[in-house]
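Following are the structures in question.
First chain A sits with chain B, and in the next complex the same chain sits with chain C.
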Partner chain A sequence: MKVAILGMGSVGKGLMQVISERDLGLVVTAVADSRSAIMDRDGISIDEVLEAKRLRGYCGDTSLSAMDVVTKGTYDVLVEVTPTNALTGEPGLSHILAALDRGRHVVTSNKGPIAREYERLRRCAAEKGVLLRYEATVGGAIPIIHTLEQGLAGNRVLAIFGVLNGTCNYILCRMAAEGLSYEQALLEAREMGYAEADPTYDVKGIDPAIKLVILANTFWKKPVQLEDVEVTGIDMLTNDALRLAEEQDCTIRLIAEAIPDRGILRVAPRLLPLSHPLVVDGTLNAITIETDMAGEITLIGKGAGSVETASAIIGDLLYIRDFHEGRHKKTP
Partner chain B sequence: MKVAILGMGSVGKGLMQVISERDLGLVVTAVADSRSAIMDRDGISIDEVLEAKRLRGYCGDTSLSAMDVVTKGTYDVLVEVTPTNALTGEPGLSHILAALDRGRHVVTSNKGPIAREYERLRRCAAEKGVLLRYEATVGGAIPIIHTLEQGLAGNRVLAIFGVLNGTCNYILCRMAAEGLSYEQALLEAREMGYAEADPTYDVKGIDPAIKLVILANTFWKKPVQLEDVEVTGIDMLTNDALRLAEEQDCTIRLIAEAIPDRGILRVAPRLLPLSHPLVVDGTLNAITIETDMAGEITLIGKGAGSVETASAIIGDLLYIRDFHEGRHKKTP
Partner chain C sequence: MKLEMRDAPGQLVAALRPISEVGGNIIAVIHQRDEKATKGDTLSVQIVLELPDQRLSDLVRLIREQGVNIQRIGHERLLYEKTVIVIGHLIHTDLGDTVDRIDRTGFAEVTGLNICMPAITQVSSARLVVKAVNRQDMEQAMDILRGVSKEKNFLLVEPLEEIE
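Up next is the complex of A and B:
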């Protein structure tokens, strides 16, 4: 199966390395970064492309763009991992739409396009008979979309509750464990590389709200938007609140919740018993899916990281490969 | 897709109900219980069959057997949920082999055949180009096999650790929480319906060992057998041991572990910190998968129950349906 990769950040490079090292039946036929692209219908040399990127800062021919790859490249699946704005969805959105329009499968780790235009993208993929997979957009390495769509297939999802932002979880853990103020814990999170210079997107709850929209659209019949989510961040939380929680054997976590029957779509700090499965440590993510047959299923794992994201993308690529090749036989 | 169901216990009946209530694209063309069977290539009336079973204790024609359904029935997938011996694997094993031999897909909740003869069954399915799915054999409603095979596809599984027996977990929880002796907690588990009259199979660790063999065979290259598992049960545990654990903010759980690189295949009581994700309450099951790319992924959910088992079987049936029909498009 031929794969074109847009984006040569840590995820794109990590993905190329995994594809070159493992015998997964995947051939990379095109790669693009922000300045150049390289295409070869018979497969490019991943080593050479990575080396070129390392030496001169771009991967291929500077007269070619990512959109050239999308519209002219030879590939079965487009992997869209460009640095894309999580709110506008660009440039990822345009790439994905153009690839689907050409009847190509798409795998992406970009939240923006999926959160903003899920319904449009889903329809477009369905019309063309191709797959759009986005496991890497939510919960890092946790195969939450696989679980919702395949593992729990046939179940009705009654609710989802999740810790979807590792930065906030880390800050809350440190406030509770060491009695730090929000400002002190944020500073520490920055020093550890868990929080960005401008932490607004995380601490105001926008990032988990975007992920919640993606999850809700995956199982909720009515399409939802970021504007539908009621969002409260953790930036107004005082250490007093955490101390009070502790007195009741509880703690506070930033919980994203989607409950279709009650129309609830919310991100807010919530009081949870210390023994609750969503009370996870550090930058971990955790998601509980409440269903009618399987009951409550909780998944816990690393919510971020380039290798973890590559893992989620590989899972999507192999899922598409199995359908693409009708390969439902295990090798004897 | 046409489905034949062998076994009309709570799982078989629950499954039939779900299939009749939901529009899953599944038609039941044959059903067998221990005394009779009924077949109709155009689909049987599930309501009538359930009613017949309720009124007279068997479902169909007493001159027909389960094996008649397997060898003469019209079906794409055989669902094998007969009361089958978990150690010998019969009668399920013979049914499954005969169905695979006819080139039919098989879904089963029976641990015995999969634990005893996985390699043989896998080869047989591969030769015939059909699927053998057994999600319901391990972890109840937790989609652990889906996660290993699809969700984490492309990952190398380095180790699996799991709480795979709800009865033992319940007993250990009660011993720790109430200071009960093993005997007192076992008695309580019996009263709650969590332990059988003869609890040997659970408390000696045989049940989790069988499940560990199934998990190991799913991801481990070398086929393994029940005899390869080093098993210690919980029946010799004293309350003193739990008290000592508690003094270190730990507790004791019966952990099944498979670590291919170190050749470890073991079920034994283990000391775990109270905050460890595998420290789950009551009859819950929990499984941690350690992988090279996705890191550690933990799944928690109900480990038993007829609806939960039906959920796992439905997940397998829909997986097969999607391949069977090449249906990889979401409806527009």
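Up next is the complex of A and C:
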């Protein structure tokens, strides 16, 4: 199966590394970064592209763009892993739409387009009879979308509760464990490389809210938007509050909640018993799904990292290969 | 509750059985022999009991089916409890008023309050225990608390939503 990769950040590079190391039956026929692109219908040398990127900062021919790859490249699946823009979804949105329009499958880790335009993208993929998969957008390595769509198929999802932001979880863990103030814990998270220079997106709860929108769109019959989520961040929390919670064998975590029957779509700090499965350590993510048949299921795993994200993308790619392009496809 | 029944063997047991049937717990049974003279062959019994949420009407019906007359149902005590954490300028925004907004509803009250005040310019954090008679009343009390928190710029940290 031929794969074109857009984006050579840590996710793109991690993915290319994994594809070159393992015999997965995937041939990379095109790669693009923000400044250049390289295409070869017979497959490009991943090692050479990675080396070129490392040496000169871009991967290929500067007269070619990512959009050239999308519209002219030879590929079965487009992997869209460019930086996310939560407001417009661009440039990922245009890339994905153009690929779907060409009748190509799309796999992405890009939250912006999926959270912004899920309904439009889903309809476009359905019309063209191709797949749009986005496992890597939520919960890092945790196969939450596969679990909802395949593993729990036929169940009615009553509620989803999730720890979807590792940075916030790390800060709260440190405040509880060491009695650090919010500011101290944030500073430490930055030093550890867990928080961005501008942490607003994480600590104000916007990042988990975007992921909640993606989850809700996956299992909820009604399309939802970021504006539908009631969002409260962790930046007002005090170590006193965490201590008061611990005196009652509880703690505080930033929880994303979606409960269709009650119209609840919310990200907010919540009080949880220390024994609750969502009380996970450090930068881990955790998601609890409540369904009518399966009851309660909790998945815990790494929420970020290049190889972890690559794992989710590979899972989507192999799903497409096995169930659409591969052995289940009727040969004409 | 105060019950009135015939003074005959087996009557008291018949009156008490429904309590266990609705999942209740008997805390005390007070036998009032002295009232017997005025009522002829009837007997009055007072029972103090704990009931699961929403089961009182079932219990009343079951006891009546046993031919036992209920003379009086006393106060339902507050059994539904929720702990929340509130962060903000709690003192300068009239803590008394914040608590009173719940207490004056008549169906819910703040039964516990632990507060930490680090410094005059910094925000305080408090743990509040709210009790109410049933789930609906608790939800109403929480709505009031959410309103107060919005008005006074508090961060209200609640437990997770419960899924039945």
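Here, the second predicted complex is superposed on the first by the 325 of 332 C-alpha atoms of A that agree within 3 Å, B and C clash if a C-alpha of one lies under 4 Å from a C-alpha of the other, contacts with A are read in each partner's own complex, and residues count from 1 in each chain.
Following the convention adopted for this analysis, contacts are C-beta pairs under 8 Å (C-beta built on N, C-alpha and C of every residue); 3 or more make two chains touch, one makes a residue touch a chain.
Source: prediction; values computed, not measured.
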Per-residue contact with chain A, leading partner among chain C and chain B: B
Which of chain B and chain C A:255 touches, first, second, both or neither: second
Contacts of A:142 with chain B and chain C, given as first, second, both or neither: first
Touched partner set for A:241, first chain B, second chain C, both or neither: second
Partner chain(s) touched by A:158 [first = chain B, second = chain C, both, neither]: second
Footprint overlap on chain A, comparing chain B with chain C: none
Complex contacts: residues of chain A adjacent to chain C: 158-159, 161, 232, 236-238, 240-241, 243-245, 247-248, 250, 252, 255, 257, 259, 262, 264, 268-272, 276, 290
Residues of chain C touching chain A in the complex: 83-85, 87-88, 114, 116, 118, 123-127, 155, 157-161, 163
Of chain B, residues touching chain A in the complex: 18, 22, 24, 122-123, 125-127, 129-131, 141-143, 146-147, 150-155, 275, 277, 280-281, 291, 293-302, 305, 307-308, 310-312, 314-315, 317-319, 322-323, 326, 328-332
